[in-house]
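The letters A, B, C, D and E name the chains in turn, as written, and every chain counts its residues from 1.
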């Protein structure tokens, strides 16, 4: 484990940015934080987390797949790939780090999504342990410990110092480059920090939320639960929850006619939208109830069924904070799962 | 803090359910925390007593829900409308979007709603409870022992600071006092932007709109956006797009959306409230409202049912598009 | 995908001189959908057209692009060519490479480049063209004339003359209108009754014409060729079919003090009355507000004396529904109220009168039996002051009168002045004028005669104030030529009040969805080229409802309107323009934005049941465009936020394809 | 040098009854105006949807002008009055977003005003050339 | 800009009157109670201001004959408001150096039991810079 004084953190950033684009949470005018590319003068945010998740770096909202150039009646296929830049994402919370495991299961199993894969290869994640979880946090429900974030390098922050621990080869390599700015240390300070976090975790309002009622094999039991109608009754059908979610991975492939050709690109889709997975015969999820159910069944039942029991929610709480009508996975789990915590 | 209480509203709802005036109630249902209320239908006293809430976080504009809910509900729906909701209510009636006969509207006074983001700005994250004590709210967090006492004005939502009217313009029954239309300063921010140079304005909007993730929350929450199919969802419209692929599409979506609701937007502020990226979308709508007020005379969408919006109206003496700028340049 | 043929015209050297036509036809060959491309000297010639027909057949073309002169020139020609080749005529698009290219650009390279782009845009559009068929609708061969003044009478007679049945709806108990109240007519001075009443008799006797007097139009539905009209026949408490108009009832009626509208309240009539001797229909009418029998059931004298037994106190308003192919509006005018013109003391003195009142005072059938006597004391007036432009030509901001010139006042004032001097040479007659406007055949001659032969004193200036003092009217006025202020002691002051459309016109316009100007005059479809048609198809305008007019103008407009009606009714079917709006009912949410901007009232709404995706049904309000009424402007397409409303021939997708092609 | 080379792309929407005829008249009278102006015929200026205007900018237009009958002369009686309101509102909004106001214009050109049509186009193109390329409403994908 | 057209603009601006709206009907002069006292009558004021002929007006006694009764304003069919023009020209005249129509010294002479003091006060205000 290595540490560095927070006074020198900008030197660390500068060192990292020498070799790769460095992205880190930065405060915006509106009070929220967003990942921004670091450059001299960029100030690292103290916010718990960003509105958009770091999923964007590996699975951007829009991504060109290829292009066709059309001249008269001739068509030429063109390569538009651009995902070869090395980059580092700094300050990723434990929940968001976990989301990459989930995305990996989707994109890196055969057939491998080479766009995602290539971005994963070029990216290094420096995670950061939480110090002040929010009431909307429920990562623990999914077995995530915010004091033990994974990633290529794990980091802990105290009032004055920051501690780094490399977990992977890529991480080791990067940490070595920072050796001039950091010094070796023991893990006592970090352990003290961990204890503090654990104590707060026990005070979180959603600490009792359980996944017992969900998981693979529950489809028949939960699919026709009468509660879906009530839960979905006020859903606006917007895509906010899916677009701020670190694990939502659905996309649509579309063609854009440029006038001289076509750009084929993919963009995030949302199961909340009425034209999601619309096919020639129409849409197989006819009303908002079915679309709403799809999202939660996918996260809590279908995904674990196909992925060794792994839920595709990390409890980051973004959808709790951002849903225009405050309907979210926690309310669904409590209602459908029947385990009212209070 | 709200003057009308949860109990008063429940009593009203229970009475109307009991005498058969209505068969269900559209209200706010309590959430996990003290601020995350969700619109819900209540069918009986039991449900109301268990889950109905009314507090400073009941900002959702119910009017739009009536479009779908009146189609589904057999009898009449009781809906509680805050003054700003009543304007949307009227506007939807003007556009024949639901059957007035299927709704029993109770106008309720509103003291302005709180913005949870502002609460968090002051008290920090990790809110464990919010209690309403008289004129104040007591916010307890995971990190402080003593609750922080907040006055309503400290955390008032932007749209409520610039409230245009405390008057319910549509109702079957009014609870509390009838308020007044307010001389608000809602165009100040628009004016601030207008006073900037075009380059500054461009930079401002470029920065704001670049955050758009096209989640469509603004559109889906907007009571004026009640198209059966939005042009941006319709593959045959030629402008369909699902993502803000670049800065053009960000602008296209928001310009066209603002244009489509121009003259119909009541300035309820839902668009900005629901935006997960905090884009001040209301400043686009307000620009249209301000312009149309200036060009064609004061017009408040939804002030009365059946009124003719400026863009579906004209006079032979209207100013020319070019004069819009001449006017402003001479003013400057 | 279309199979498009491109035909580039040289137009001799008109196009070929600045545009490399060979290059254009070659370049367009590789456009999507194009299977054939050629050029020729004169595409519009028979040989050129044959070339197109042959190519359609040989290459199985489904769409044609002609790069030639303006579509305003030859679009119709090439549409016919397409039809001759067996194609839908609307599968043709024209790229205007003459007026908007070769003629305005001098450089060959530039011209050719632009011609290719215009050609590409046309190809892009034609690729999205769909065959269009004009709609047809039947025509009800009956016309409705609203208003029974001289305009309505003449229109009805002319239409009936052509063999079509006509109904006249008149809200008064008799037809005749304002003209029936006039004494003499300018500039010939023949008596109004002498020329009008024979026409009224003609109307009554014409078996093609029905008169609904004492009636109003209460509802209008439908569209050109197919109007459904409800006429409300007000109860007159006299059976029209039986009443002989003998007048016995009128003689016996005890209610004598009812102001007589026909004489503008200058004398009285009975509660049962016939407006004037030559009324058509000549039947009595009971005024329900004055009749004792109707008010409190006491009296019944008229029923007793009526030998025909025509009196029916129980008569009710009757609603008649009828179908019409065309509607003529002839609602006429009224003088404006003088209430806002205190300075002329109209409401203070009986001897300040309007010109229409003057007409009645000089009319042999009027309250004074044609003797010019002062209303106040019945004495002969020796000094008369006529004031012109009272309430006409006012600034809109003044909010007193009308902005327009009422057009007829100069002439009738000259007439009044002249007649007065003719009959009573001892009378001093002053006319105060701002301008004397006499554009009409023999009009200025007439005015000059009034001055030169009859000694009428025309003074350029205006009356500022009239003060009644004892039995004289102190008139204070300016004489701008002499630069003096005049004070005249007058016995009678006559105000040439501005005229305004009848109050019934506004609600009628709403029913007809016909547009009006800010003064409530009906708007014509085109101010120069379609002056007697309303923009609403099938609605025509006759007389002063469209703007101030004198009698000859009114009669000629009536004739013009009737010929338009005859032209319409002569058709068995109406063929529309297929380039009309249509609404996609799956996307329409019935918000009514489109309806509000439609200048023709072509959009209506209906509730339609839809099957929802979840197999429930939902009733939704949707817009329906009547293709027979829609003229294809496209205002609705932009008002519609969802894009449910689109325009055939100029669809959103087509225009965007053109934009795309141009902006490549 | 480069400034002189710059050729803007102008889309002109012309109503069929007045302005398109006015453009034809400009042709009849051989009145020159820049070839960069490309006319799209619409039945009435009120057919022009703001989406068409933005679309043109997206696809690379540098200026968009809408021409219709003079107010009061609309073939459809009121179409251009709606155009006037819609475009006043839209142009003001574009300006509010910082898009150069000289790139958009509404001009009333009658069928008799060939000279006005040519003069208008000359002037409009000149103004757009002075601004240079449309950057603020461009879609880079369309320029590849 | 020559003095005349400057004056003309100034008077038009100050009065807020658009003299070109006048249709020469003469109703203002017909209605004017002070007509006979005036050298230039109300309609001439309008006409002369419109044609820029201001000098004669400035030097005319007519300026002080107008009673400001506003009958001309009330009756003008074209909303031209001649009295406001008279007022504007009068102000232009009075504001010239030493051109006060009335001085404080004049007031005692004018006191008369038939003249309401209010009238003197307003006249003083009107005729003095």
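To be clear about the criterion, a contact is a pair of C-beta atoms (placed from the backbone, for glycine too) under 8 Å apart; a residue touches a chain by one contact, two chains touch by 3 or more.
Nothing here was measured: the structure is a model prediction, and the numbers come from that model.
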item: If a chain touches chain B and chain E alike, it appears here; value: C
item: Chain B and chain A - chains in contact with each; value: C, D
item: Remotest chain, chain C as reference, centres from CA atoms; value: A
item: Comparison of A-C and C-D by number of C-beta pairs in contact, larger one; value: C-D
item: Chain of greatest Cα-centre distance to chain D; value: E
item: Rounded Å distance, chain A centre to chain E centre (Cα mean); value: 80
item: Computed distance of Cα centres, chain D from chain B, in Å; value: 36
item: Whole-Å gap between the CA centroids of chain D and chain E; value: 50
item: Centroid distance [mean C-alpha coordinates] between chain C and chain B, Å; value: 46
item: Junction residues of chain A - those touching two or more other chains; value: 256, 259-260
item: For chain B, residues that touch 2 or more chains besides their own; value: 231, 238, 245, 311-313, 316
item: Where chain C touches two or more other chains, by residue; value: 597, 639, 652, 656, 660, 663-664
item: Pairwise chain contacts under the document criterion; value: A-B, A-C, A-D, B-C, B-D, C-D, C-E
item: Contact footprint of chain A on chain B as seen in their complex; value: 31-33, 36-41, 60, 65, 117, 121, 124-128, 142-143, 207, 211, 213-217, 219-221, 233, 241-245, 270, 273-274, 276-278
item: Complex contact set, residues of chain A against chain B; value: 28-32, 34, 48, 51-52, 61-62, 132-136, 200, 203-206, 230, 233-234, 236-240, 242-244, 252, 254, 256, 265, 267-270, 273-275, 320, 322, 324-328, 330-331, 334
item: Residues on chain C engaged by chain D in the complex (per definition of touch); value: 70-73, 96, 98-101, 103-107, 110-111, 113-114, 117-118, 121, 515, 523, 525-527, 535, 579, 597, 599, 631-635, 637-639, 647, 650, 652, 655-656, 658-660, 662-664
item: Partner chain C, residues of chain A touching it in the complex; value: 71-73, 257, 259-260, 282-283, 286-287
item: Residue ranges of chain A in contact with chain D within the complex; value: 67, 256, 258-261, 263
